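Each of the two complexes below includes chain A, the first together with chain B, the second together with chain C.
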Partner chain A sequence: MKTTKIVVIHDDILEKDPLLVVLREEYGADNVILKKKSKEGLNYVLDNLSQKMVVILDLNFKAGEPSGVQVFEGIRKQTSLVYVIIWTASALEDINREDLKSMINNDALAFMSSTDDIEKIVSKVNSASHQLDIRIDSALEQWISLHPESEKQSPYILSRDGKSYSLNEILQEIRLKTPFGMETEKDILLLAIDMLSRGKKKIDG
Partner chain B sequence: MANFHIAFDHNNVTLGLYFEKSKADLINHINHAIPLSVVNEINSDRCNQAYIDIFIPTINLSNFIFVAYSHGLENKLTANGGSYIESDINSNLFTNCFFYSMSCLTGIDLGKKLAENNSHTFIGYNDFAPALLGKYMKLSIDCDNFAIKKFIDGYTIVESFNSMKTNFTAAVDYLENKGEPLLASALRKSRDALVLYGDSSLTIAGFHIN
Partner chain C sequence: MAKANQFLKWRFDVNTFRLLGRELITDRITAVFELVKNCYDANATQVNVDLYNVTINADDRKITISDNGVGMSYDDIENKWMVVGTNSKRTILYSEKPFNRRFVGEKGIGRFAVDKLGGNLIIKTKKKGDKEWLNVNINWDEYESKSKGSQLTLFTDIENPVFASPGKVDEQGTILEISFVNEVWTKNDIDRLYKELTKVVSPFHPLNPPFNIYVNSNEHKEYTNKLVKADAIKYSSHQAAIDFDKESGKQEVLRFDTKAGKIITDKVDIKSFGPVRVKLYFFDEEAKRRFRKSYKDSDKRIDGVKVYRDNVVTTPFAEFEDDRDKQRDVLGIDKRLWRDIFNKISTREVIGVVDITKEDNPLIIDATNRQDFVDNAEYRDLKEFIIEQLDVFSQVKIYERLLKRVTTTSALQKAGRDVKFFKEAIESIENQNPTLKPVLESIKTQAIEVSQAISKGISEQKKERQEFIRKENIYFSLMSLQDYAIRISHAVRTSLGKIKRMAEFFKNNFPNAKYEELFKDYALMIYDEMNTLNKVIDFMLSYAASNVDFEDFSVKKLIEELLYSGYKQTFQDEGIKVTVEIKDDFIINANKKFFQDIIQNLVANSIKALSNEKNKIIKCTGYIEDDYFIFIFSDNGNGINEGDEEKIFGLYYTTTAEHGGAGLGLFIVKTRIEALKGTVEVKESEFKPKGASFKITLPFKKNE
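After this line comes the complex of A and B, so read on.
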């Protein structure tokens, strides 16, 4: 069973929707969450940033609820490592130009139409899940999760400019793409290259 | 006998203990390898520009070894919220010096200025060099002090420098085998940030005093 969480934020589908049924078969019932209120959906995503997550997001919600674009921007303020698939009944040409620019510039993974086949949407979700699996932050997350909670919260490494980081903080820095997070990702890649070039590690297959 | 001056910011909130242990490790080696050497410990209270500006001119007519365990930036060594050695302010005082800096970044500018200003040699880091804590602190200190200890043992500076890099690589592999990829990547980064400027052929024999 795959461990990616699929969060569907959409006010116009039911728990029995065929898309959710198919996704639950692939990802497990506990890993597919429907949030019909966009505010609740956003909160759920932000409260679970330590998990691999793909969000399927509608654009239009009832009055008083944040719009899909606002939810999208709310997610991006916190992390660039959640994949967001826009799933909307709106035609592309009907979407506000500034909203469209914001979504493209902030790496929305795909735009899907509500008339698209379920297979097509699931395929896009699977592709996003696979990309999450092979990202450094995901590999790190799995490695960090093997440590006891007390160890995850303790100072782990100290930069000689005086900043200390716990394992949880390192993961968070990577997820937020801070300079330290990006540097850490780069260092891990360079370590892998260093070890491969010295014959200390071999790529399977 | 040789003339050692070791600056260490023991009062530093985050790394004071690390700096103090690094200094103690080096002094232990000096006392064992070349007893009767002069070892001047410059703790946080004296890591300031006034002390450096007054004291260094009294010793720089002869060869000496200066070791720094403190925070650093591209062009300066820092302690107590200010710089105590800085490229365009007092780096020119370090003539006849083998300067060994275990601070972040000082290899970018300060090290070059020291070499240009007639220091014999500079060894340091030209990037952020993380310090390992807890059970791997000793490993981290061993890596930092490796070249200066080899130099004290009689190797040339370039031999000492190269063996320091080799030792870092061994420590990287050790940590990776222990299942510590993040710490291994930190030491890999430090290894590749090491720089040497100036005369690399010197040995401790050239620093002996009567």
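After this line comes the complex of A and C, so read on.
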């Protein structure tokens, strides 16, 4: 079963919308979340940054709610690890140019039209989810999951400033892009390259 | 330092970013502008834009942009130029002393501006102290041809040759030499470029150290190292300037003195955003004509208000946009036009300069990721302040139009009286001296003719007024039509998307028993969605079908007719008691169909809201208050939830879905009322604690 959470932030679709039905088939009912209020959607994403997440985001919300672009910027202020797919009924040329620039600069994964095939949207979500899976934090998560629960919680490494981190905490730090998290991520990469240079066999072994 | 036969590689997929660059820099004038902005950021004091053989279809067309700025090191090129970094990542906002320049270039995009201009680029650059110039040769088209080839190539594998050329130690600067220029530049294009470049530096306060731009074209004599300098602002019909006094903490503001008929300045406390200097030049129709005549190109030079911070343009960042409707209006000047298009000042009637400084206006913060300011309370206050100053000119406009109308009308009436008096005088002479009758007869006939001509003149003038009002009305209904076209196409696409997804689900899964319930739901939902779409389309078509003709009709009569006769049967069937109390009558010049739509949708909305009520009442009251006709429509149905007062007017917002509500009715009410220049709001229910009351306010013009 896939572990990526798919968060759909859209004020004009129903829980039983076929897109959600199909996504639930692929990702499991608990992993597909619909938020009809953009503010709630943003809060949900920010509260769950330690999860692997793909966000499908509408651009137009009712007056008083943050707009899709604002939600997007809100997410990017915190993390660049969440993939965001824009899903809108507006034609690309109707979107405000500044907003478009902001989305491009903030690394939107894709722009989808509300009349696009479900299949096309799902395949974008799948590729985003795959991208997530092959990232260091995801590989680490998989590896951690092989350990017994007690081991996940107990101190695993000591940072240079003397603080200790459990396996779960390391994962969290990497996802939240803290200085320690980024340092560790780099160390893991260097180690992997080092091992690769010493010969493939050792890795397999 | 560069060595012979070295190569530099891009650090990203150039092709992807080239596409984006082309999307964002759609115009070559913007492209040059972007590059000039980069020169500014490099603390250059001089930039030369040299266009060589660009007007003819020659093979050796070349554009060279050279500056005497700080230049780039090998490391800069390798680690900055060849890497995509969005300008949002910039952390230092100002360049070093004595320049103190706010960075204006968009690094991430500016680079691809070069690609817009031509196929090949040589960058020559040198920092002070380096012994040699560094040269990098970039051939954009190589990427294109590689990407078309069958073999998979990483774009980062493409090598850009680097070589060194001799230089003097104290030389510095950057030269971009663009060859294989894509397009022909006509004289007109060069003129537009020149004009756009005049906006970089404030026309009133030159920079120190200077930033001089020279445009040079070997094909046009007038562009022989021509210094870019803004023209003096001439021909404006009205102008005003405000200053401030930091000592006393006072800011000047503009006010229109109706009695004296002129603009004066008042002093107020310095505002939240800090002291500002503003110069505004307003062009009335006559002034615009004079302006156009002397600057043959067009009235595009009259282009609204620009904000200069420390004398360099900040917003709008003079991004060239030929289509006026697409021009950025960051100050929101044109957004207000809707309400009162004929009186409000638009960006097409005014040239304005707002001067702010880093020191005095620290709360106006430059946004790092876009070309605007951070949207905080102070910036909003500043925008409002600017608009308030502009509104003074709209008062001038109203005042002068009224003055003109009053003068013409009274002059005509006076002439009419004079002729009548003249005729009477002749008649009295005639009576006293009958022998003069044959002589005076022809004079009398002429006087009668003149008198008739004057009467005709007066009625013509009246007709013209009416024609003006009629045009104003049509204009309004078209404006609102444009607005719904956008909203409706969005709504239709949303609906179609839903239907399509459900149909796609059927296509892929039917008759899988697992989804039987969903299939049933979807079938119903598709049906409902189609009905809604159908209503939306009928509504759209009503615009096509209803003639845009405006007619005079009595509002009282129309409402009474509709509610007492038109819906008589419906009200009887539903058991609704209707009260209509229209106190004052009011003749409106409008599209009757629009008005009927308003009543019809209010009634339909009430019927749905009343469905569970035993004692059903609809009440309609109308009266005149000041210059408005107020019309209150109430029912004692299930009312509107608190907090929903605004939302209910939105398209597709419904609380009565179970009664077939599609969320269209109140949307139509609102848009139709807006087309009549009125407003609609939810007020406290007359049948409190139950029910709902809508207050509709329609303006009427007593004097017209």
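Keep this in mind: the second predicted complex is superposed on the first by the 155 of 205 C-alpha atoms of A that agree within 3 Å, B and C clash if a C-alpha of one lies under 4 Å from a C-alpha of the other, contacts with A are read in each partner's own complex, and residues count from 1 in each chain.
In the analysis below, contacts are C-beta pairs under 8 Å (C-beta built on N, C-alpha and C of every residue); 3 or more make two chains touch, one makes a residue touch a chain.
What you see is a predicted model, and the numbers here were worked out from it, not measured in a lab.
K.L.:
Touch test for A:L191: chain B only (first), chain C only (second), both, or neither?
P.N.:
first
K.L.:
Looking at the overlay, does A:H130 come into contact with chain B only (first), chain C only (second), both, or neither?
P.N.:
neither
K.L.:
Which partner does A:S90 reach: the first (chain B), the second (chain C), both, or neither?
P.N.:
The answer is second: A:S90 touches chain C but not chain B.
K.L.:
Considering only touches as defined above, state whether A:S164 meets chain B (first), chain C (second), both or neither.
P.N.:
In the superposition, A:S164 touches chain B alone.
K.L.:
Looking at A:K77, would you say it contacts chain B, chain C, both, or neither? Reply first, second, both or neither.
P.N.:
neither
K.L.:
So, A:K16: does it touch chain B (first), chain C (second), both, or neither?
P.N.:
Second partner only, chain C.
K.L.:
What is the contact status of A:T115 with respect to chain B (first) and chain C (second): first, second, both, or neither?
P.N.:
second
K.L.:
Where does A:K62 make contact in the superposed view: on chain B (first), on chain C (second), on both, or on neither?
P.N.:
After superposing on A, A:K62 lies in contact with chain C but is clear of chain B.
K.L.:
Okay, in this complex, where on chain B does chain A touch?
P.N.:
12-15, 18, 71-73, 103-104, 128-134, 169, 172-173, 176, 181-186, 188-189, 192
K.L.:
With touch defined as at the start, can you tell me which chain C residues reach chain A in the complex?
P.N.:
Those in contact with chain A are residues 20, 24, 86-88, 108, 328, 369-372, 486, 489-491, 493-494, 496-498, 500-502, 504-505, 515, 518, 521-522, 646-647, 650, 652-653.
K.L.:
Taking the complex as given, what residues does chain A use to touch chain B?
P.N.:
140, 143, 154-164, 167, 170, 183-184, 187-188, 190-191, 194-195, 198, 200
K.L.:
Using the touch rule from the top, collect the residues of chain A that touch chain C in their complex.
P.N.:
12-13, 16-19, 21-22, 60, 62-64, 89-91, 94, 97-98, 101-102, 104-106, 113-119
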